[in-house]
Structure formats: structure tokens, C-alpha cells
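Shared chain: subunit A. Partners: subunit B in the first complex, subunit C in the second.
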Partner chain A sequence: MSLILDFAQSLQDSGFGTALAESRYAFPLVEAAHLLGLSISVGLIFLTDLRLIGRFLTNVPIPVVLRQLRPWVLSGFAVTFISGVLLFIAEGATVVISPAFPAKFVFIALAGLNALYFELRLARLAPVVEHQAVLPVGVRYAGLASIGLWTATIIAGRLIPYLPG
Partner chain B sequence: MSLTLDILNAIQHSVVGQSIAKSDHLVGATAQIFHVLGFIILLAAVVLTSLRLLGHGLTDRTAQQISRETNRLLWLGLASAVISGIVMFFSAVELYYFNPAFKLKIVLLLAAVVLQILWFRKVLAQETPNAQLARSSAVFSLLLWFGVGIAGRSIGFV
Partner chain C sequence: MLDHLKTPLAKALVALAIAGAGVLSASAPATAHHAFAAEFDADQPIEIKGVVTKFKLVNPHSWLYLDVKAADGSVTNWGVEFSAPNALAQRGLSKADVKPGDEIQIKGYRSKNGGPFGYSVFATLSDGRVIQTGGAQDAPSAAAAAPVQR
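Let's look at the complex of A and B:
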């Protein structure tokens, strides 16, 4: 843990880290980019999950939803990831001591594993590919797990300033 | 101006306002969570509808068909964000009242809601809206709602 803290502290103390943290416009804009990137990536994932559990756009086949939204989800993630790295450079040592910070990464990892399992296994099953009326029950569970894990990620992220170490 | 502030301050110092402000960080953090989750749902609905109006994403359905389903999410997300926002506002009236980013956020929010009702909704109600009109309403909608997010995120820094 102290290794991560030392690393975060050295980034925060670097010229770039200090300049970014003290910048009047850049820092709030990076914060805003993190939020907007999240709204596009996780926002569209939420809509996809609602489709998986049968509560949204049920007449659009799941493979169509996945294929057509994927580039936007990934673009949103790129914005969220890059802005997240910049935020860590600017204030990493301040946030890394919060227990909500590692919790956020645990939830992201679990959400990622769930997405991977869905894409590599469930999305390739015949009933999903062929847009059949009855889908394997795992599809619904994967959607619910995704909603739960991404909600937990957002809650943990928002709690970082409220839960100091 | 001062009368408005007096009224708002009176609410902040009322029993309700005081109980919000004093009930430790838990209420504040909970309001923040509902604020950001509501905004993400709202923006996801706006993004999906706008992408379709721009000719990207879910193109085998019309924008009208998609907006019929995103509409519910848009207003649900907005309700969550506005209700939690009111709780946050009355826990620290003066912090927000004099903040230029907060003022900008409210102006953009009102503009977005008014245009949503008077313009975007009408475009989305048409089976085949004029392509130019569809595109321009998608761009305006995205700019305004993204603007609300950017201004909101700046409140803590001005």
C-alpha cells in the first residue's frame, strides 16, 4: 500500500501533476470529461443491461444492440480512462488513502470479468444470436450483475472524498 | 435578489434545512450518489436518442421508436438528479447561490428542459423527421446536456 502511496505522491509532486492540480480550467475540465465519458460508456452499458434483462428495446436483437453500441461504449471508456489517469496524476496521493478507492477498482475488475464472460460465452449461444423468444437465464443474470457492479463502482467513486483513510 | 436569498436562507435554516445540513455526511453523500446516477441515466438516454438522430447506432429502428423507450429513462434520471440536487442546494444555499458555475448550470438545465419539451420531443414524435432538423436537434441536445454536466462539475472549482 505504501508503495502505491509513494508512487501517487511522486506523481502528484511532479511538475505536470502540480500544474494540472493547480490549473484553473484544466482540472475541472478533466473532472467533467471523467463524468461525461462515464455517462457514455457506463450509461450505454446500463441501457444494454436493461435490454439483457428484457426491460428495454425488447424488439431489437441483442447482437444488434451489442454491435452498434460497442464503438461508443469503448470510446466513452477511453475518455474515462485517460481522464482518470490524469486525475490520479493530479491528486492520486489524496485519494489513494480512501478505502473507497481500492473498492472502486475491485468493482471495475468484477464488472470487467462479467462483461468478458458475457461476450465470450453467453452472447455466442444460439438463442441469443438467433434472437429467440426464450433466452438462457444466464443472460438475465449477467445484465443484473452488470447493473449492480457498475452502480457499486459509481457509488464507490463518489464516496472517495467522503471516506478518508 | 436579497429577498430571494433571504427566503432561501430561511429554508436552509428551517427545521428541514438544518436536519439535512447536520445529519453528518451521510445525507450529503447519498444525495451526491443519486445526483450522479440520475445524471448518467438521463445522459445515456440523450446519447442513445441523439446517436440515432445523427444516423449512428440502432439504425434498424426509427428515432421515434427508440425515443419512446428512452423518454421514460430521461425523465426518471432527471427526477433523481433534480430531487437530490434540491437537497444538496438547501444544505448549503450560499455556497451555490453566488457560484457562477452553478448559475450557468441552472441556465443550461432550464434551456435543455424547455428545448426538450418544445423542440426535441416534437422532432422525435415524427415518423420521418427532416434530416437537417433531426441532426441539429441531436447536436443541440447533446451540447446542452453535456454543458449541464461540465458546469456542474466546475461548481467546486470556481
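Let's look at the complex of A and C:
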């Protein structure tokens, strides 16, 4: 942990990190970008999950929903990831000491594994590809897991400043 | 649509949404990162005077550290929270205004953890200027912590 803290501190002490941390407008704008990317990626992921659960756009085949939303989900995630890296450079040393910080990344990793398993296995099963009426139960579980894990990610992220180390 | 609200999944989602809204609303104040009440105690006003040791003018909250000498001669290093750089800049405070070695007087509120920490509402600089350094929405009114010297 102290290795991560030292690394975060050196980023924060760098010229760029200090400039961003001390900026009047850049820092809040990067925070805004983090939320904007989050709303697009997680918002569309939730709609995808509701489709998997059978609560939204049930007349549209799952592969069509995935294909149309994927570029927006990935673009939103890229914005969130890049702005997150910038925020870490500016204030990393003050956030890594919170237990909510590692928790957030555990949830992101699990959500990522769930998405990978869904994309590489479940989404390629015949009933899903052929838009059959009865889908494997795993599809529904993947949707529920995704909603739960992204919700947990956001709650953990929001708790970082409230759970100091 | 209303039928959907009766399923266990919909009930779980509604519960989740309510819990989420609770978490978010608890974090809504102007400082955006944490509420005054989460860390500081409105019932413990403080007034300290000392010598600046460090000034971190950073987002989301700035921090000023000062050595405060007690009546018995012992010195304690206090840390007090200031607003974000932009809020301070709007009130005319820049990094150059507060340097190590400067005399400074702080009026504000002590932290709940009991340590030598606090939330600064007004700072009286060595040049005599009084700067409002804190304005969290749920912080006690500025008047309650009005500075001694104007």
C-alpha cells in the first residue's frame, strides 16, 4: 500500500499534477468529464442490463442492442477512465488511503469480468443470437450482476472522501 | 408499467435507487466532496493565531498549516481547511499571499476527531486583510464566526 501511496504522491508532486490540483477551473471540469462519461457508459450499461433481464426493448434482439450501444458505452468509459487518471494524478495521495478506493477497483474488475464472460460466452449462444423466446438463465444473471456491480462501484467511489484512512 | 413495480426485481431496483439517492444527497454541499458536518463541529468554534508552516492551495479543498504557541510555551501544528482554489481566488487570495513564516489568524470550527484540525471561515492575513476562506452550504453562518478585526 505504501508503494501505491509513494507512487500517487510522486504523481501529485509532478509539475502537471500540481498545476491541475491548484487550477481554478481545470480540476472541476475534469470532475465534470468524469461524471459525464460515467452517466453515458453506466447509463447505457443499465439499459443493456434491463434488456438482458427482459424489462426493456424486449422486441429488439439482444445482439442489435449490444451492437448499437457498444461504441457509446466504450466511448463513455474511455472519457471516464482518462478523466479518472487525471484526477488520480492531481489528488491520488489523498484518495488511496481510503478503504473505499481499493473497494471501487474490486467492483470495477468484477464488473469487467462479468461483461467479458457475457460478451465471449453468453452473447454467442444460439438462443441469444437467434432472438429466441427462451434465453439461458445466465443472461438474466449477467444483467443483474452488472447492475449490482456498477451500482456498488459508484457508491464506493462516492464514499472515498467520507471514509478516510 | 405499474405492474412492473410489483416484481421482486423492480422492488430491489427501487430500493437500490432510494439507497443511492440517499448516498448522493448526503454528499451534495457546495464543496462537492464532503459536507462540513461530516468532519467539523459547529458547536466548537475556534480562534487560533500562529505562524504559517505550509499552504496547500489545492482542489477540492485547500489546507493551511500553522504553528500555534500555547500560554505554556508549547507549540502545536494545526491544519485548517480552506475552500477550493477558485473560490479563494474570487475573494482575492492567491498562493503568494500566504507564505511560510507569515503571521495568520484563523476563525472557524474544530474537527470532530478532536485533533489539531479545523475548518477556517475567516483568515486574517499578515497584511491585515480578512478573507472568507470557507463557505460550505451546511457550515454555520459566516456571522457566527465573524472576525475580530475588520
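In the analysis below, the second predicted complex is superposed on the first by the 165 of 165 C-alpha atoms of A that agree within 3 Å, B and C clash if a C-alpha of one lies under 4 Å from a C-alpha of the other, contacts with A are read in each partner's own complex, and residues count from 1 in each chain.
Throughout what follows, a contact is a pair of C-beta atoms (placed from the backbone, for glycine too) under 8 Å apart; a residue touches a chain by one contact, two chains touch by 3 or more.
Source: prediction; values computed, not measured.
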Message = So in the superposed three-chain picture, is A:F56 touching just subunit B, just subunit C, both, or none of them (first/second/both/neither)?
response = first
Query = Touching A:F105 in the superposition: subunit B (first), subunit C (second), both, neither?
reply = neither
Message = After the superposition on A, what does A:L36 contact: first (subunit B), second (subunit C), both or neither?
response = first
Message = In the superposed model, which partner reaches more residues of subunit A, subunit B or subunit C?
response = B
Task = In the overlay, answer first, second, both or neither for which of subunit B and subunit C A:E91 touches.
result = second
Query = If you stack the two complexes on chain A, which partner ends up touching A:Q68: first (subunit B), second (subunit C), both, or neither?
reply = first
Query = So, A:T151: does it touch subunit B (first), subunit C (second), both, or neither?
reply = both
Inquiry  = Is A:P28 touching anything from subunit B or subunit C once the two structures are fitted on A? First, second, both or neither.
reply    = both
Request  = May I ask you to decide whether A:Y162 touches subunit B, subunit C, both, or neither, giving the answer as first, second, both or neither?
outcome  = both
Request  = Look at A:F81 in the shared chain and tell me whether it touches subunit B only, subunit C only, both, or neither; answer first, second, both or neither.
outcome  = neither
Request  = Identify the overlap between the subunit B-contacting and the subunit C-contacting residues of subunit A.
outcome  = 24, 27-28, 31, 151, 154-155, 158-159, 162
Task = Sort out for me which residues of subunit B touch subunit A in the complex.
result = 25, 28-29, 32-33, 36-37, 39-41, 43-45, 47-48, 51, 56-61, 66, 69-70, 73, 146, 149-150, 153-154, 156-158
Inquiry  = Could you list, by residue number, the parts of subunit A that touch subunit B in their complex?
reply    = 24, 27-29, 31-32, 35-36, 38-40, 42-44, 46-47, 56-57, 59-60, 64-65, 68-69, 72, 151, 154-155, 158-159, 162
Remark   = The residues of subunit A that touch subunit C in their complex are 20-25, 27-28, 31, 53, 55, 90-91, 144, 147, 151, 154-155, 158-159, 161-162
Task = Within their complex, state which residues of subunit C touch subunit A.
result = 4, 9-10, 13, 16, 20, 23-24, 27, 32-34, 38, 57-60, 84-86, 89, 95
